[in-house]
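The two complexes that follow have chain A in common; it is paired with chain B in the first and with chain C in the second.
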Partner chain A sequence: MTSNAEMNPVDCHQLGVRYGRMVALEEVTFTVAPGQVYALLGRNGSGKTSLVRCLLGHQKPCSGHIELFEQDVWASRRSLMHRVGVVSEEPDAPPTMTTRQVLQFCAGLYPSWDALGVEARLQRFRVPQELPFGKLSRGQKAQVSLALALGPRPSLLVLDDPTLGLDAVARREVYDELLGELAERGTTVFITTHDLAGIEGLADRVGILHQGRLLVDASLEDLKARYRKIGWAPPQALRLEDLAPYGPLGFRMGSLGGETVLQGDPAPLLAARPEVQIQDLSLEELFVTLVGADTEVAS
Partner chain B sequence: MSVLAVTRREWIGRRNVLLLSLGMGLLQFIGLHLNPDPAQAFDKTSFLAVATGTMYAWAVAALYGATMLSRDLEERRFGFLLNQPLHEAQIFLGKVLAGVGLAFLSGLLACLPPLLLSGFWRQLGMREVGSIMGVWLAGSLVLLLLFHALSIQVRSRSLWLALDLAAWALFFLGVRLLSLRLMAVDGFREMAHLWLGLLIAVSLGLAVAGYLQVSEGRADLQRGHRWVSLTMASTLVLVLLGGWAQVVWTLKHRPAPVQTQARTHRIR
Partner chain C sequence: MKAILQVDPSAATPLWRQIEEGVRRLVATGGLSAGALMPSVRDLARELGVNPNTVVKAYQHLVEAGVLSVRRGDGTYVAERPPGFSAAERGAMLREGALRFAATAQTVSATLPDASTALASAWKTFQPVRRGEKS
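After this line comes the complex of A and B, so read on.
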């Protein structure tokens, strides 16, 4: 028998979702290990929302299945939700209930509710608890949603684009709160986001969904080792043909120089061409290169 | 307790309905006071108050039923409940309880002020009051379930609507034919029994369909609609078959009309 600490919080196997003839997800398979922060990235319409809905047992997949802590989420949603905290893309608490009433509602459903922690969190962000949830600012709603998700001391935190529509300060606050939780309890996190710069310092592993398929599923370290960005000047120093052996992605030329992302090891190229230099590759650049280039990439 | 938590959540979101009902009751109360001949007005107003309360309670139940889940689904708020450790039955039951309670209280608030003033309630025995309340509650429950199913069928905009329309059309056509057969032999009492039986059976079907919409459809409106359609179509067909069997049995075992009996006797 697998112990709680060894169980994979998320095990997605050959997941498929269709809406009529439209394929939203096709054979998506990935695993999130205990204590990991898994960031699922994808453009709008890539299938992220369908995947999160299946992950939370809101929607039954057409094929495949998702297990949370080795239990099928569709069949065991109720019991699993004791161990899962969720922040939805759109804050979905009832708008007419005050924050205090929402807290009371949730507190009554969880035996392990961390009332003091939730209270402290809301006070830290000066969220007025007597105001209806619908009248809070977007940043305050995000903080309340995060506090509610962390309230039951979850083993798995599912965050569906939690920083959507937030200003830079509110975004930072959400990430700081998340970092604090990770440092304190080592909670496993599954996050979908468009805020690639924000998640880069947090994520251990990254999945990139594109047109319903999981294009990439790898650790951030592996990705950065596998894909290298190079730049050169002047622009005419290198041609696309010269880079063919290295599998260039997103070849770009400007008046001052050129840059591209290579799939292979660029060491021979660097040795042969002193005008070529390795540059830092951010997660955002990698995402734009992979998804924008519409390239088939082996995960 | 979880069921009541869902009920409370629903009530907080719709407490304005109760305020509106109270306002309606007070308006009738004021109208009664302003009447130049209060003695005569009391009887009329009392009857009107009960009728208004009944209609109002049922209207609230129908409106609540039409929005209790489909509004949450459209506004993408249903996830809030699904993300809690609540069983689908608790969610559905909590919502139904909230709707029936809200409808009942709304009706009561809408008719209570004029009834208290006119003293009409003192003329009624416990049995009458119980009957009125029973009718309110039962009617509210049936309307709530019916409008919930209809709202899911309409809002999902899927092709299953064709099956819904066909099933309901077949059902009403069948009920009409069965009723005509009973009316042809003056079986009005049997017809009333048939209708009551059909109403109870269809209401049970609606309750099962509503529950399946939540448990099997969850946040997926189209899938929920499919379950509602399949449940309702099979319920309506089965209920109709049951009704047909009842009519056949009734016609076979019903004592023949007096004239026919006399004729049969003479021939013998």
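After this line comes the complex of A and C, so read on.
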């Protein structure tokens, strides 16, 4: 048997999901390497939920398969789940149980339970442990959920939109805790999120689902090297024809100049047109450019 | 160093390179002195809000370049005699920065003397503060 360190925590191969005639996922293939933080992005209805359900073995794909640590997750869900920590979109526990009771219950399920670590986390989050789970705020529920997910010292952490509905402070605390976990244990993380600004410094690799297909699967660094945002100011206006060789996406022209995102290397353009400048391109802008409108993307 | 080393995840420059350049600049300007203990990967990652892998990558590049040195089981330190940039590196970085600045200056129709004055005043912002001197 290969050791944990060499096995890919996630191997998704040619995944397909259909509901009747509706195609939810088609030929989705990607890998998450050990220690990586993989962020899966997509608009609502892009197929993210189906993918996460398949990834956790809750749903059987119509075609293809997902392996976690080289085992088929649908066939081996039970034996795999002790190595996987999950924070679901809607953190759930019996509403009348206090956080302390939920903790005790979970601690009994896992031989590898890290009681000290969980306690320290909940103290950092300042979650009142004697309060019934149902009385906690949304942010506190998410924080308890993260503390519980990290309790069994998982090798893979799956976070399904963990910051949804959280205020800026709670969000920061969740990311801080995640950073600490990454630094200390090198846990592999698979995260879906709409908080693109929050994940931008964290993600090693980004997948973008669009209409059931994986439109992008690349390291964040490669993505930023592949797509360059340029801007220019009047008086010398660039025309769409000048940009055609560089595969412009989302050409915007205003009275104060224009901007666009290029798929090709802009070096020749920059040399020929000094008024054109490379501008910073945030993950959010890139996401909107790629999936916000019907754009043609060279693969 | 919290206040001085800052990164922008949305910038066009990769994060690890921003950290690398930031540390190099701090070393060059005396913000980090030779032999100083660097923050742990974990602490710096938290402080900057970036993935620890990114800090590791920046540290690795800095160690390879001889700016930082690792003492096993102890920590990462600024090298006793950190190298400056090579002549080629310095030339390339100067040229790149100058092009950007020249483009901005021409866009606002500044003259070369105007631009030089602006550069000289910006220059002072980054001068190392000497000990015992009031800024």
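One rule holds in what follows: the second predicted complex is superposed on the first by the 292 of 299 C-alpha atoms of A that agree within 3 Å, B and C clash if a C-alpha of one lies under 4 Å from a C-alpha of the other, contacts with A are read in each partner's own complex, and residues count from 1 in each chain.
Definition applied: a contact is a pair of C-beta atoms (placed from the backbone, for glycine too) under 8 Å apart; a residue touches a chain by one contact, two chains touch by 3 or more.
What you see is a predicted model, and the numbers here were worked out from it, not measured in a lab.
Student: A:E241 contacts which: chain B (first), chain C (second), both, neither?
Tutor: neither
Student: Kindly classify A:E130 by the partners it touches after superposition: chain B alone (first), chain C alone (second), both, or neither?
Tutor: After superposition on chain A, A:E130 lies in contact with neither partner.
Student: Quick check for you: in the superposed arrangement, does A:D176 touch first (chain B), second (chain C), both or neither?
Tutor: In the superposition, A:D176 contacts chain C only.
Student: Mind working out whether A:F105 is in touch with chain B, chain C, both or neither, as first, second, both or neither?
Tutor: Touch partner of A:F105: chain B, not chain C.
Student: Would you check which partner chain A:H58 touches, where first means chain B only, second means chain C only, and both and neither mean what they say?
Tutor: A:H58 contacts chain B only, not chain C.
Student: Considering only the touch criterion stated at the top, classify A:K224 as touching first (chain B), second (chain C), both, or neither.
Tutor: second
Student: Residue overlap on chain A between the chain B contact set and the chain C contact set?
Tutor: In chain A, nothing is touched by chain B and also by chain C.
Student: Going by the contact rule set out above, which residues of chain A touch chain B in the complex?
Tutor: Where chain A meets chain B, its residues are 19, 53, 56-60, 77-79, 81-82, 84, 86, 88, 90, 92-94, 96-97, 101, 105-106, 108-110.
Student: In their shared complex, at which residues does chain C touch chain A?
Tutor: Residues 7-12, 14-15, 40-42, 45-46, 48-54, 100, 103, 106-107 of chain C touch chain A in their complex.
Student: Can you name the residues of chain A that touch chain C in the complex?
Tutor: Interface residues on the chain A side: 35, 37, 175-176, 179-180, 182-184, 197, 200-204, 221, 224, 228-229, 233, 274-275, 277-285.
Student: Okay, in this complex, where on chain B does chain A touch?
Tutor: 1-2, 5, 8-9, 12-13, 76-80, 82-88, 216, 218-220, 222-223
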